[in-house]
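Next come two complexes built around chain A: one with chain B, the other with chain C.
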Partner chain A sequence: MNNSILKSALIALLLAGLLIVPRFVESPYALHMMILLFMSVAQGQSWNILGGYAGQHSVGHAAYFGVGAYTTMMLMHSKGVVPWVGVWAGVAAVIVVALIIGSICFRLRGPYFVLASIAVAEIMRLSAINLTPLTNGAEGILATEIPAFKIGATVITDFVTKVPFYYIGLFLVLLTLGVTYWVQHSKLGYFFQAIREDQDAAHSLGINIALYKNIGLVISAVLTSLAGSFYGIYVGFVDPPTVLGLDVSVQIMLICIIGGMGTIWGPVLGSLILVPLSEALRSNMITDLLVKIGMVNADSKIGLFLKENLSHAHVLLYGILVVLVILFMPDGLMGFVKKLALRRKREAV
Partner chain B sequence: MAILEIKNVSKFFGGLAANSDVSFDVHEGMIMGLIGPNGAGKTTLFNCITGYYPPSKGEVIFNGRKMNGLDPDKVCMLGMVRTWQKVRPLAKLSVVDNVMVGALARTGSLKVAREMAMEQLKVVRMEHRTNFLAGGLPIGERKKLEVARALATQPKILLLDEVMGGLNPAESEEIIQLILDIKQRGLTQMVIEHDMKAIMRISDRIVVLTSGEKLTEGSPQEVVSNPDVISAYLGEPHA
Partner chain C sequence: MAVFLQSLISGILIGGVYALIGIGLTLIFGVMRVINFAHGDILMVGMYLTYMIFTLLGIDPFVSVLITFPLMFLFGGALQKVFINRVLDALAQNQILLTIGLGLIMSNTVMLIFTSDYKILTTSYSSATIKVGGGVSVSTPLLISFLITAAITAALYWFLLKTDTGQAIRATAQDRDAAQLMGINVKRMSIIAFGLGSALAGTAGALISPTYYIFPQVGSVFTLKAFVITVLGGMGSVVGATLGGVLIGITESMSAVYISSGWKDVVVFVLFLLVLLFKPSGLMGKSRT
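Presenting the complex of A and B:
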């Protein structure tokens, strides 16, 4: 009992802290990092519901991310629809897409489902490239200006600084966490996990497999689409590779694999590792650090080599990280933490 | 009254007849034993009855309702549930969560489901394992967990596929007591079993399958004294 009160208090404190961050932090770069982190958590958490809880390892979540992002951006660009309306159009589009994909792909199990999910995302990407009148093809869609959010004539907020994006991102995190919590503590969560653990056994216990897989997919896709729309508006630009590429799908999945699939805090942990890591690699932070502590001379051959190549190596390091996690922590970081806690408990007895 | 009627059920896999023209009735409250040598088509028959395979021919009528073509989940909701010869625990869920999944077929409330699950765990005498991971249980308890989970779906008929397979004599005895307990509660059961002594003790009637066909049906005494059954199991006697 005491433990759960402590836990709630900690979470409330953390939330309060996150809410007041923009009052004290003015550096756009720091806010940008936080926004990236929020987006990553939201993406991972969305995938987690279908992949982690229901065990349907989709490697095609870029389809939902991209459809959400594109719908919002297309409507804003060509019809002048404000994004907070466009977002819901994106959600509607994603529900249709998800139900079509689900009715086809969920006839397949295991690796066959994975392959089908990749194929569907690739179809989406190629469609975006080739349906030029709608999507502006490979050039993508650039939104130069985002209209201010008004209710009636009063301006609630404009989108000049990063602060409103920070709060939207935080809202997305809370939304996806909330939905995951609700799923885990309801009939849905039990049915999803039963399907994950043994589909045939679940079927014999009265669970309508096709129905519940599709419910999982729709929840997951809608949340992913929200994250996609948010990405589109925040970056102000979408093109096929950045929102519909295979690496988007893989990135979404990695957050959960590294953090721990089928746990509420897994995607949070995964994001806390992956986002700073990829940022550090991309921005040459590691080379600078090595130079600073004197391990490498900036003008030496090694220094120049690192500076030139390390920023391209983040995919390689990602790969190594994934291999290590799968080898040594098959249940992700969260699983590892749980195992340690269990061991401590056992030793205490 | 017959709660379950199997009428001329056949199942073909390509040219192979795994079941051909099998018919029998299961009456309410009884324990029906289903025996036969390996490969006789016992599990295939279970799969046909519970919706995993559509029968190629014939009908399965449960509570007066034709079941052909219904999916396993619908079959379960109508009150017929099976266990698996090769146990299928939901390994990463706790024992009570496993049973709750079954109970959730009948209720939307987790609280009610938990109470129902605890009740069934008591029936199989596994309360002390409530919070253990199902994947870590020894085989005897996995078998009992299968039964508890199936019972939690509140069935009218329970189909047990070799619940004693792979168990030691003490564990088998426990399962026999469990099956008799369940009978006491008025639940109809159909039991596939290889352990002859056990099946003779618990069954009210026995159906014998060989090579997919029904060889005979009768009380345990009738079945063991039937020369066809003896030759099916032991081969023809030498002259």
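Presenting the complex of A and C:
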């Protein structure tokens, strides 16, 4: 039996399943979870192209996420520009920003590049706080209502339910997956990987390092900006810490680190772990579970304390996860699984 | 003129504390080539430690430095032995991620214990000032903290220059392999360096606690500042970090006065990018090719 046909069939089946989910699932909460998952995959996959394939570990991706989200929201809020136009304005803005950042940061390597990427994202965050007439400062922008998506006079969707968001999210996932697949199998991807493995060797082989790093950055930034715009419209609110904060950059990177950098399925795997876990903490599911199995009394001091605080501490989990992953499986879950498979194969021989 | 002098003096005073933070980071980087992204969070732990000692035992924050310093030294040493030591040969990004993770654990554990409410440590002299003359006045807690900082920095220089352990640390920073061949216990030096770095950060936290809001996320501001300071001074250079700290302090207070307090951090980051671009080896660093 041909392995690759089986694989394609599986993927097609999965996709078909995902496409018809909203027909059967009506619970807005379930759809919300799926949308969060899609957003996370799209973010991780976007970072993966620059960080995983080209080896440029940016800790400043919040800059692109935030610029996308802010541009769309600002245009919608103050000029009444509909989001599906605003999104492309966001993309245009991000390309400009990315090229400026790239021309600064790519002269630096390793830890210096990481520091510079953080500094740039912080400058963006502080500017969003201070440019009050444009961004409404620290208060952020609240979109009370999203205009319906119309072509001519026909209303395609009015964004009242979560279903349109579900499909846009799914589209984003497919787009980022598709781009990643294309990068991995094109000459561009080989250039990226050559730069990742040994920059000087790649340079001596005639690869224009600055050019390809910038191409990687622009692809990655544009996709991140799309995810950012999607986030802004879906949540209906942006402010500097939630879309431009250092946490955002770290979370985007974590998706890939935990799943496995430089692999197509790594960010998917990372999201499948991170999103449900942090949601379980956020919605107090873990405390409820502890109460249910009788480990903690709901009205005791500990029970009340957990209920009060555990929901705020989902970032603690990120911290613990990242430490464990770096110490015990530095290539992420995908790398870990591959290593196990390899070992089994060797034992079989 | 009075405004200029005033902001210059405040800048130098706060710069002393920044220098302490920067020296800690640069020591760790020098000996282990690890960029410690948890540095600000270690400082935050120092702040909460001081706050606890103050509220539970009633010991003045400037006196409790004597307790905070050794405790934070042990804390840092333990961190190095348990976590950092395992990634010394790993890729730079993995080291960075590990310290980011450790920082997240610290800030969120503190948040679980103390909630994210802002805490204020009010001493009798928290808002006191001393008039210097010419319309210039100096905040008393800032002045005291500057004096303590100066004393600690002097003691640290003496330790690094004159004692055997200090020389061994400097040798390790210069060339890890050669130091090992000369019979220096490099692993022990790493633990001491991380301990010292953490103790300095914790002390800086203790010193600013009477004048600063105390909250779990306060660390990230200082982590970023610490990077700016060490890169400005030259990664690994203690003299550079001292100078860098004071320079950043002055830059901040000047731009707060002459531009706006909202933009002062932007000015600092722009300066940081300029240094990275045009003189990545910093003021005192040797250029590494």
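Basically, the second predicted complex is superposed on the first by the 348 of 349 C-alpha atoms of A that agree within 3 Å, B and C clash if a C-alpha of one lies under 4 Å from a C-alpha of the other, contacts with A are read in each partner's own complex, and residues count from 1 in each chain.
Just so it is clear, a contact is a pair of C-beta atoms (placed from the backbone, for glycine too) under 8 Å apart; a residue touches a chain by one contact, two chains touch by 3 or more.
Computed from a predicted model, the values in this text were never measured in an experiment.
J.: Following the overlay on chain A, give me a clash-or-fit verdict for chain B and chain C.
T.: fit
J.: Kindly classify A:V82 by the partners it touches after superposition: chain B alone (first), chain C alone (second), both, or neither?
T.: In the superposition, A:V82 contacts neither chain B nor chain C.
J.: Now for A:L304: first (chain B), second (chain C), both, or neither, which partner does it touch?
T.: After superposition on chain A, A:L304 lies in contact with neither partner.
J.: With both complexes overlaid on chain A, does A:L316 touch chain B (first), chain C (second), both or neither?
T.: second
J.: For A:E122, using the defined touch cut-off, is the partner it touches chain B, chain C, both, or neither? Pick first, second, both or neither.
T.: second
J.: Residues of chain A touched: more by chain B or chain C?
T.: Of chain B and chain C, C contacts more residues of chain A.
J.: Taking the superposition as given, does A:L99 touch the first partner, chain B, the second, chain C, both, or neither?
T.: Neither partner.
J.: Give one of first, second, both or neither to describe whether A:V114 is in contact with chain B, with chain C, with both, or with none.
T.: Second partner only, chain C.
J.: Once both structures are overlaid on their shared chain, how near does any Cα of chain B get to a Cα of chain C? Whole angstrom is fine.
T.: The answer is 11 Å, the least C-alpha separation in the overlay.
J.: Taking the complex as given, what residues does chain C use to touch chain A?
T.: 35, 83, 86-87, 90-94, 96-98, 100-105, 107-109, 111-112, 115-116, 220, 224, 227-228, 231, 260, 262-263, 265-266, 269-270, 272-273, 276-277, 280
J.: Hey, which residues of chain B end up touching chain A in the complex?
T.: 50, 52, 71-73, 76-77, 81-82, 84, 88-93, 97, 100-102, 104-105, 108, 110, 113, 149-150, 153
J.: Mind pulling up the chain A residues that touch chain C in the complex?
T.: Against chain C, the touching part of chain A is residues 57, 59, 104, 107-108, 110-112, 114-116, 118-120, 122-123, 126-127, 129-130, 246, 250, 253, 257, 309-310, 312-313, 315-316, 318-323, 326-327, 330.
J.: Can you list the chain A residues touching chain B in their complex?
T.: Against chain B, the touching part of chain A is residues 185-187, 190-191, 193-194, 197-198, 200-209, 262.
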